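Each of the two complexes below includes chain A, the first together with chain B, the second together with chain C.
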Partner chain A sequence: MDDLTQQGVLGHLMALERGGLARQDPHQSEKLEMLIVTAVTLRTKRDQLKRQVEDIKILKDKIKSGLPLDDDDEGPAELQRSLLTAWRMQLKDLQHAHHLIGGYDVVECKEGRSVCVCFHTAFEGVYLDTYNMELDMTRTVQISRHNIPPSIPLERFAKQNLQKDFKAFLETLSQNLNALAARKQQLSLIKELVGSVEVMESNQLCNTLVLMCKAQGETFAVVLCTLQYRDLAHYLPTHVCIESEDETLSESEQWKKNRALFLESPAHMALLTMKRMGSIV
Partner chain B sequence: MDEQTRFVLRRIFKKIPSRNIEDLLKNWNCLTADQLRALDYTRPKWTLVENIISFCEERRLNLKHITNLEMINRIKNPDSDTWHTCQLVEAQDDALFVELTQFKEQLKAYLEGVIRHISIKIKKHEDEALWIRIAWGDNFSKPNHLKPTYVVHHLHTSYVFICNLVAKHKILLYQALMVSTKHGSIKDAHLSNRSLTAMRTLLLRHYQQVFPNNYSRILDEGNTCPSHPCIEKEHAAHEERRDQLASEAFGDSPTLKLETAVYRLETRYRGNVKTTFSDEEELFRGVVKFSSTSLLQSLRHCVASGDFSYPIFLLLKTLTQI
Partner chain C sequence: MEKKYEDEVQLLQKEIEMLEAEREETLRSIFIEHGDRLQQELKSFFEELEGDGEQKHALSKLITQIRDLEKDLRRQTEINGITLNECFVKTLNKSERRQVQQVRLAGHCGLLLFQVEFAVTEIQEGKALLRRITELNIVVDGAEFKDFSAFVSRVEDTKDLLLFFRTLRTFSERCEERQRTFQHFQSCLGERRSCNLIKL
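Presenting the complex of A and B:
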């Protein structure tokens, strides 16, 4: 105390400063050491993970190309895990490819006694309804449940193909379902986009469509277009019939072209084109 | 309007509750706006009906309009009588290409060709259902409009729903349907219901069915009770599986109302029963009847809560597959 009072206030302050500086240094160096150690551990871990990823990639490529796996690839638990991960990645890729080429989603249920097949339908890049079917596989293949619309002749397809050629059965059914969804979608698009055309007749199977259009001209003659879809696996009509009170109109070049339009493009596109070209109102 | 028409009209209104009459007359669109305004719905029903009849006479309406009124009423309230289902089988090759006009013409032609006095009316509803009203007469007497037969059919499907058909006309109607829909034969589907809506929902698959897939986990949002974090459900996985099975078998839809199901049972006695049956191994035959206000819902609940054993479940799940 005497020393301090002798040194005075400034001296006291300088002593405090010296003390503070001395205390900071070990603190800082400790922290620095800790950080250096963490950095080193993280780097080693990163290198380890990089090596593991490389190993898994090599394994996956080996599996993909069908080469036999070396004996020393199996062994420690780590490599076992890498093997499993590699298999899983490979199978996921296969599943993705399967979907891309139009495969069907099949789920096994009831411990392998039955499968459930999922049919997706789409038209013009838009996904539409999904239909499911459960098949019992115990003795012979039999359909147990499904939510396919009753207007599709399921029994006929089953009789033709179910026992002999399963893939062909699925293919026919999928084609018909997609065509039905496409025709239904065309009908709703006509109602939505082409308001001036009236739908006189349609049905659940959408295999007959009767449209009433008004022809552009002085008289605004009424034209009745009948589209018949005799091929149920296709979304374009097989027969088109144009009728009008004005006889010359249905025979004219313009309407012959319109008839061809109906046969070649989806109904709503044909009507929009005709509207744009000025044949109908 | 002759006496018979008036009588038919009175009988029609007798069956319609007073609260539905105003809407029905608007849909019918045969009385003028002034006449509709002039009707006083607070009066007792028989006064109201007499007023309506006098308005109809003023407008010179005939039996055709009256039967139209009955048909509109029946289409709007289909669930008031017992409907029976038949199934068309042996479709010919062009059965799927039968058009509406073709069907109508052929049906009418067949029936009118056999019975001289018959009244047939066919209407297409917006949900693609064809409603057919047939008033039967015979070669000597006029059609009886008090007991018409109603038939509902969706073209290109195989089910036909019939109400009020007597045995005398059954064969004729069946043959007419076979010819006009281009099928080889027709059989009784053993399905009857007062609710046409429920039958159509079931057979035409208008309800939501549940199918197993990779991503399904039925989250019964209505049923989640707030669970305490310290309480763990031991059987959660079992419960989920049972719920999934129940939904797959019986559907998830409250609109599907079946009230009775009758099963024929044939079984044998099993075990050490020292009775007279044991020699011949005679079959035990019986009939089991399930009834409920909504059979599918109650069965679903029983299965989901584990009240049924698996073999019984396997027997009952065929209920929705006709």
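Presenting the complex of A and C:
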């Protein structure tokens, strides 16, 4: 066959192939159709939004210039709807703000017969666990349901304040829960950030912490730091005990300073400072 | 052919996202700047609506929502002990799993005034929502705050927003207690003086 004829045959074969593909793949054309429909729908939505944004901007300028709001050419209903939507949005923002600053998110349930509160906890900007409680308000205030950890003396707090000072009850509980969350978080941060220090002992309430450090020096003496948190409403220890196989170490100026660090700053920060100062490994 | 439409759909989705954000922000700004006046005007509008049956149906759902939200806010304010007078929320960037918001608040706790500005980042990790404060600025006013300012600097450094408000409440209660005690002694002294005058 000469070139021309070859091209002609190849061309013919290619056309047949293309036609075959189209027939073989109806899915392709279905998909295309769906895409076109989506594009058209989205285009309409986009244009609608553009108009709304324009209208709202005009509304804003009108309000700014102090024009009365009832003589509007776009129809009072749309105008009022936009304003009401704006008002609702502002109210929702305020609600959200109360939630973010650690509010109790109090909600009335069962037609006012009971009330649900949330206790939000956070430490150094990191939001931690949230605890919930339902209180029956019919005759006296009674706790009906809750997920407060058993290590918190809930009964004692309820006895102290629940009937006579509801807000004080909530405050006390919130303080204790936040202190617990803070102690737990410090423990978690020690494990995460200060790998060289081993946590020998801790408990559910996180009110006793025993840490094993290695002092920097020739012998890398082992130092045991016992942190006791006797005030459960606080995230710093009340008592710190330093013990070491090397007795001179625990009496040294450096370790007296370290002890003070433990009393004044969160445990993980104290350890990181000690590491930085070359006190421990 | 397909690619052309796929691209267009993607582009349109982005445009819609931006326009929705713009609409939200403009609506918010209207209320932040003119909220009080608008609330007054809308209140009288609510009364007008009572008459107009059809209109009432169309907007009554919104109005009920607003009324419920206001009631809820009064409850939150009472129990939290914090009154928020100004609230400005701006979503800085938002993706499927991550959102950053900037929040500016002004208000008071008892007689103590505060202004707080912070940034909060939320990340959705599976079922859990991780939330963290990434910036915090606090301004407090008043002579009562001399002992408080060291605490405020520390709280700004550690970004402990919740600790600030918990402490603010306690501090406010103590300030009020001090005032009450002071007033009590003042009135006691006053009585004693007048008693002495009578004796003379």
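Everything below uses one rule, namely that the second predicted complex is superposed on the first by the 178 of 281 C-alpha atoms of A that agree within 3 Å, B and C clash if a C-alpha of one lies under 4 Å from a C-alpha of the other, contacts with A are read in each partner's own complex, and residues count from 1 in each chain.
The criterion applied here is as follows: a contact is a pair of C-beta atoms (placed from the backbone, for glycine too) under 8 Å apart; a residue touches a chain by one contact, two chains touch by 3 or more.
What you are looking at is a predicted structure, and each value in this text was computed from that prediction instead of being measured.
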item: Touched partner set for A:Q175, first chain B, second chain C, both or neither; value: second
item: A:D105 touches, of chain B and chain C: first, second, both or neither?; value: both
item: First, second, both or neither for A:S188, with chain B first and chain C second; value: neither
item: Chain C versus chain B, contacts on chain A by residue; value: C
item: First (chain B), second (chain C), both or neither touched by A:T85; value: second
item: Touched partner set for A:V53, first chain B, second chain C, both or neither; value: second
item: Touching partner for A:C116 - first (chain B), second (chain C), both, neither; value: first
item: Touching both chain C and chain B, counted on chain A across the two superposed complexes; value: 105, 107
item: Chain A - residues contacting chain C, complex; value: 28, 31-32, 35-36, 38-39, 42-43, 45-46, 49-50, 52-53, 56-57, 59-60, 63-64, 69, 76-77, 80-98, 100-108, 117, 120-127, 167, 170-171, 174-175, 178
item: Touching residues on chain C, where the partner in the complex is chain A; value: 1-2, 5-6, 8-9, 12-13, 15-16, 19-20, 22-24, 26-35, 37-39, 41-42, 45, 55, 58-59, 62-63, 65-66, 69-70, 72-73, 75-77, 79-82, 84, 87-89, 103, 105, 116, 120, 130-134, 136, 158-163, 165-166, 169-170
item: Residues of chain A that touch chain B when the two form their complex; value: 105, 107, 109, 116, 118, 132, 134, 144-145, 147-151, 153, 156, 201, 203-205, 207-208, 228, 230, 232
item: In the complex, chain B residues that touch chain A; value: 91, 96-97, 99-100, 128, 154-159, 203-205, 209, 211-214, 248, 320-321
